[in-house]
Amino acid sequence: MKNPLLRFCAAGAVLLSSLLTASAADSKLIVAMLPKSKGNAYFISCKAGADKAAKELGIQLLFDGPTDSNAAKQNEIVENWITLGVDVIAVAAENKEGISTALRKAQKQGIKVLTYDADAMADARSFFINQATPQGIGQTLMDEAARLVGAEGEFAMIVGSLTAANQREWQKYVEVRLKEKFPKMKLVAVRPCDDLKDKAQSEATALLSANPKLKLIMAICSPGVPGAAEAVKQAGLTGKVKVMGLGLPNENKRYVHAGVTDSVILWNTGDLGYLTIYAGVALAKDELKKGAKSLKTGALGSFAIEGDNILLGQPFIFNQSNIDRFDF
Amino acid sequence: MSTAAHAPASFNRYRRDWRALLTRHEMLLLYVLIAEWLFFYFAGTSTNRRGVIVGFGTWDRQFDILRHSCEIGLLALALTPVIITAGIDLSVGSLLGLCAILFGKLWHDAGLSIPVAIGLTLGIGALAGALNAVLITALRLPPLIVTLGTYSLFRGLAEAITRGSITYTDFPETFLFIGQERWLGLPTQAWIFLLVALAMGLLLHRTTYGRAFRTIGLAPEGARYAGLPVERRLALVYVLAGLIAAIAAIIYTARLGQAKADAGTGYELFAITAVVLGGTSIFGGTGTIVGTLLGVAAIAVLKNGLACLPVVMRLNAAEEMSGLFTGALLLAALTASVLPKILSNLRPRRHSSTQSIPPLSP
Amino acid sequence: MKRYFRELSVVGALLAVLFGLAWFAPAFFSPQPLLSLVTREAPTLVVACGMACVIITRQIDISVGSMFSVCSVCAGLLVARGWPLVLVLPASIGLGALFGVFNGFLVAALRLPSIVVTMATMVTLRQGLNLIRQGEFVNLPDRVQWFGLSQTTGQLVLVGAALGLLVALAWAMRHVAAGRYLYAVGTDAEAARLAGIRPQRVTLLVFVFIGALTGLGAMMNLAQSPQVQPLTGNGLELKVIAAVVVGGVAISGGRGNLWGAFAGFLLLACVSPALTHLHVEAYWEKAVQGAIILLAVVADGLRSRQSNR
Amino acid sequence: MSSPLLALRQIVKNYGGVRALRGVDFDLRAGEVHALLGENGAGKSTLIKIVTGAHAPDGGTISLAGQPVADLTPASARALGIACIYQQPALFPDLTVAENLALRLDATSAHARVDWTARRARATALLDRIGAAIAPDTEVCTLSMPEQQLVEIACALGSGARIVIMDEPTASLTQKEQHLLYAVVRDLRKNGVGVIYISHRLEEISALADRVTVLRDGQSVGTHAVGDINEAGLIRLMVGREVAQIYPAAESAPGAPVLSLRGVGCTASGVHDVSFDVRAGEIFGLGGLVGAGRTELARILFGLTPADSGQITLAGETLLLRSPQDAVAHGIAYVPEDRRRHGVVLELPIAQNITMAVHRRLFPTTWLRFGAERALALDYIRDLAVKCAGPDAPGGSLSGGNQQKIALARWLATRPKLLILDEPTQGVDIGAKSEIHKIIRRLAQEGLAVILISSDLPEVIGMGDRIGVMAHGTLRTILPGGSDPHTVMAAALGTAA
């Protein structure tokens, strides 16, 4: 029974493989891009920009990642890419130290490594596409929050999960900035929403009734902003309690127009993806080397390089006046 | 007296038939695994632009699969005896997280040396398993509910202790060796995994403990009437599960170089799937370590192999596809396991109904 | 009194939490926020009712979270395509029921253990949804929220619907023969068969029922916000199972009732907002919930030990 | 004469290899109480299960009031007016009394509204009618065994059935409740109901029944009007053979006392004040009716339900038996009554079943030694002449008698000082039965102290060197072996106490 079965399987596998590999045999440059969490709208919009760049440059783009932020899975995917022999790996690191081992291994195999969105250890990659440092994000968030409430009063934060590393970083810098510059403001609570919009709404509702003096809710995960906005809207506190945070224009447009959400802060994520691909290809073709001062891209012109950081530019503040101009 | 009828010759013939029957599930799984592997070997291997052979059919890939399977594999090993006694332990994934951060804390905050911290962590794992054990054996509570509670509790404690954010990193190279390097040709943790597998295999198949687990799973009352120490054996199973979860935590930490409260989230589900896929009956009594290993391998090969397929790569959906296929594989395995019984029941129609719907087992 | 000791003890714990809140954080009871919180829990309550029925029948369904997500997304897509709500509602319920038929068939006809079957369904549905939607939100037209009613009316309608369903179901579980069949099958399927009940059919139907309720719950969730997130049902299964078990429904079947499950549900649902109101840091939430579940089962264990003596 | 209410013709039923019924004819007229009599295992329970639709017969016809019925199910049997009171109450323990009555009585559709007031009222009425003081809202699991039996009786009464089957209804009833039951039976008869009444209490039968049918080994051995046959005649029909001939006799005198009990009791299991000695080489038969406390006593001796009073001494040593492990460690072995649940693990191989209780001795390092295990198993398979395909065949592949031998072998392997056998020949065919008897006698001959619990009266009398008779949780009397069955039965019934 065993031998015929084996033979049958082998034959089937050969047949199928010839079909499958035939279509993959085009020898395009392969850039693999790893988001923190694939389902997150933030990274989906990154992918849109990356796709555009990939088409312009005629390369193959692999875009894969964990469905939830998970450092272990990120490592596994990178290691898979190493054995797949891709040309460039671009990573948004969930965990700095954790991913770096895998990235160093990739470099050893001659694969070019970039980081975007969140950096790894400096020796584990060539360049970091710096959309904004955690410090910069924290500052911008806090400054905008202070502007909205006149630098005075209580505010609360909604975070993705209690264990998401980048958000803890942002939160840290928000708190640093708060301490330095806004003594009259007070952070009264930090609640997790497990990256669930519905849970963010429940949490925000509870925050509102628990803290009657609350002036503002800052959500630093993208499902959190519309969730908090819906809570404020339902509580009838539109305008009285400000909502702001890190989020995507499309998910928040209706709340911004309704005056519930005041500002949504984000860099142009599409551009981030676009720039990452351009940088990756340049790196693979040896057009981008250490010490370069700028990088030219197709549609977006050139970007400045500072050390090993390629700068995307400052975070962008979307509000009623400009949000309709963006679609991502 | 017809003692002559029991000549050893006739015994041997029967034994062979029976063995074949027992191993049928494992053999089927082995065929599936081989077919899977061959398929991915041919379909998932190619030559890249620089003329290097890449993809599934490389040694590196095989080692990676092994490396990535160790933690879930360990949890599956821990769960095999649990499920053989007709129990279940949902808390192992959470316990992995708790042990990981306690290990980090012991080393980083308490300043203990790595070996001492490892020792203490294993102790904590066993202790946490003992909590499950006490609730299940002394209070006779259903394992499903007890471990559902500790599933929340352990993860919650991990988050509370680290306030969610603390991540322990910068472990010494010597420690990371366990998770990131190779030793004697294989990834270091694979040796630990194989050692635990061997130990569990021996425990389950070569000692009186394994006998007791099986008997308890098949007939808990019968085991009591045979004078077996039912409570003590059951307790042992859960303590062992805790201990192995702690080992998995150490390996996890060493592989990623970090200890964080979210370690091992959702692993319990994959581990249970692997065990059931490996032919261990969720009603208890039957199951082998070899089956569990094959189950783990089938899932791991599927997951990693899919990620190497050009079609799947183009869809950017390796993880979803592997989840989808794993679920389907599990359903197929379950259905295949009852199909012969269903078919044979179809003929004498009414008899079957006396043995009613299986209740929720654990 | 003694018969409902278990349920009453949960109610007692719930009252203690509520009194504690009234004392330390009276703001919890301000009507509008409370209504919003309660509305958010309404869909979960509907699913928990179904779960209570399933567990009373001595089965379990851990695929509800995935079914909830799939129903939500499918219903959302239909609404976004312009289907009228009167058609989407039965479609969502029907889709859930269809999943229920699948689970129920495998459990009742093939006699597979429900925990494994529904685990497989859970993984398959969740990953299938991820594959197709990649986490993308479904944006809904404005007319959907609150079914086009005003917010307060909509909230009241949803809460009313959930409570109405609870009351109706609790009544039916006690006063309609079919409800009693669930207890009979859950207690002893063989004795039930001897009493002329068809256990297989009851099992199949109870899975279909929880599927349909999950579809309904998904619609109730859909009506609360203008967007559907595909992750929406994540973790729902553990939440409702825990609620039902804390409420005194025995995992071994045949024992417990919906009022107890409701009390357990409220108790667990209170934890998170209560911690917020008491300004306890969020890190403790999961640990507190785990401790409540364990306390409930330990109490059960101690009590049954005593009554065995 | 019109056709009988119920007529069974040539009913055959096989369980696996065991022929439980081999062509039984039976009929029941309206307004009569027809007693069904027979030893344990004669096929009474099987016959009842067929009439109630719980099991389908393998052959024969069933007709109700002249109409043949095929494919009887529990539901259709109920719809046709057949009600049954089982020996073990088949109630739902977590539901209330009223609820249980309703589930058993109402063949309503699933949509039907449940009227609790009416349910309670009916339950109260029914319970009142049989004079039982049970509140309808009590959960059945909180009721005592006799109370549960009363609920069963109320159930049968309320069913409005044409045929009521009572399977040893008085087994666990007290005197007062028995009289309630008799009144119910007479009441039913007066209303034209046919009652099939199963009992071991012969005086009950002569007081209640109109006709009596005796079953033996799955066949009917005669139907008589109660007035035409006396108790002695019935016992002769039931036993069917001369007792002394077929049981192996003792060849040597027993030795010193091995076990002695002094005032042993356990409140939880209802056993009190039991005192007796068992000597080495002696078979101590323990007789009595079902529910007399024999199995409960055995469970005390095996540490399953520890004694809370009295003193147990084994080979001069006073024992505290708190768990089966204690009992095994002291050389007590117990072959339980429920072979399938407690005795043989059907899924496990024979060898593993045999060595289950000797792990510590056979595998001192906890390391399995398959060779030694196999050798040990083969020894016992040969020694006890177990008919099997080999030591690796699963226990479930064996016939009842051979399973019993396996259960016996497990305990012999522990080399016990005291062997307790609980119904060792129940559900065992005749051939295997006498083999088991020979084995037991041989073991005693080798110096083992044996306690033999059996409901099979001839067995206790024929095998026992002395016979202890239990009733209502205590030892009534000790009779010499080979006593007159009537004396033993009388002691068990308590008539001559």
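Every chain is named by a letter (A, B, C and D) in the order it is written, and numbering of its residues begins at 1.
As a convention for this text, a residue touches a chain if its C-beta (ideal position, glycine included) is under 8 Å from a C-beta of that chain, and two chains touch if they have at least 3 such contacts.
Please read all numbers here as calculations on a predicted model, not as lab measurements.
A.B. asks: Give the chains in contact with both chain A and chain C, ordered by label.
C.D. replies: The common neighbours are B.
A.B. asks: Counting C-beta pairs in contact, which chain pair has more, C-D or B-C?
C.D. replies: Most contacts of the two pairs: B-C.
A.B. asks: Taking each chain's centre as its mean C-alpha position, how far apart are chain A and chain D in Å?
C.D. replies: 72
A.B. asks: Can you compute the centre-to-centre distance for chain B and chain D, using the mean CA position of each chain? Integer Å is fine.
C.D. replies: Those two chain centres are 44 Å apart.
A.B. asks: Could you work out how far the Cα centre of chain B sits from that of chain C, in whole Å?
C.D. replies: Comparing mean C-alpha positions, chain C is 30 Å from chain B.
A.B. asks: In chain B, what residues contact two or more other chains?
C.D. replies: In chain B, the residues touching two or more other chains are 159, 162-164, 317, 319-320, 354.
A.B. asks: Among the residues of chain D, which ones contact at least 2 other chains?
C.D. replies: In chain D, the residues touching two or more other chains are 54.
A.B. asks: Two or more other chains touching the same residue: where does that happen in chain C?
C.D. replies: Where chain C meets two or more other chains at a single residue, that happens at 130, 193, 281-283.
A.B. asks: Which two-chain combinations qualify as touching?
C.D. replies: A-B, A-C, B-C, B-D, C-D
A.B. asks: Spell out the residues on chain B that touch chain C in their complex, using ranges where they run on.
C.D. replies: The touching residues are 88, 135, 139-142, 144-146, 148-157, 159-160, 162-164, 269, 272-273, 276, 282-283, 315, 317, 319-324, 326-328, 330-331, 334-335, 338, 342, 353-354, 356-362.
A.B. asks: Given the complex with chain A, which residues does chain B contribute to the contact?
C.D. replies: The contact residues of chain B facing chain A are 31, 34-35, 38-39, 41-44, 46, 48-50, 52, 54-56, 58, 60-61, 64, 67-68, 71, 159, 162-165, 167, 169-170, 176, 180, 252, 255-258, 260-263, 265, 304, 307-311, 313, 316-320.
A.B. asks: If we count contacts the way the header does, which residues on chain A are in touch with chain B in the complex?
C.D. replies: Touch residues, chain A against chain B: 2, 5-6, 9-10, 12-14, 16-17, 20-21, 23-25, 27-30, 38, 62-64, 66-68, 70-73, 75-77, 79-80, 82-87, 95-98, 100-101, 110, 161-163, 165, 168, 171, 192.
A.B. asks: Could you pull out which chain D residues touch chain B in their complex?
C.D. replies: Touch residues, chain D against chain B: 54-56, 302, 304, 323-325, 327-328, 334, 336, 341-345, 347-349, 352, 356-357, 359-360, 363, 366-368, 378, 381-382, 385-394, 410.
A.B. asks: Name, in rising order, each residue of chain A that touches chain C in their complex.
C.D. replies: Chain A residues touching chain C: 37-41, 44, 67, 162, 188-192, 194-198, 201-203, 205-210, 212, 223, 226, 230-231, 234-236, 250-251, 254.
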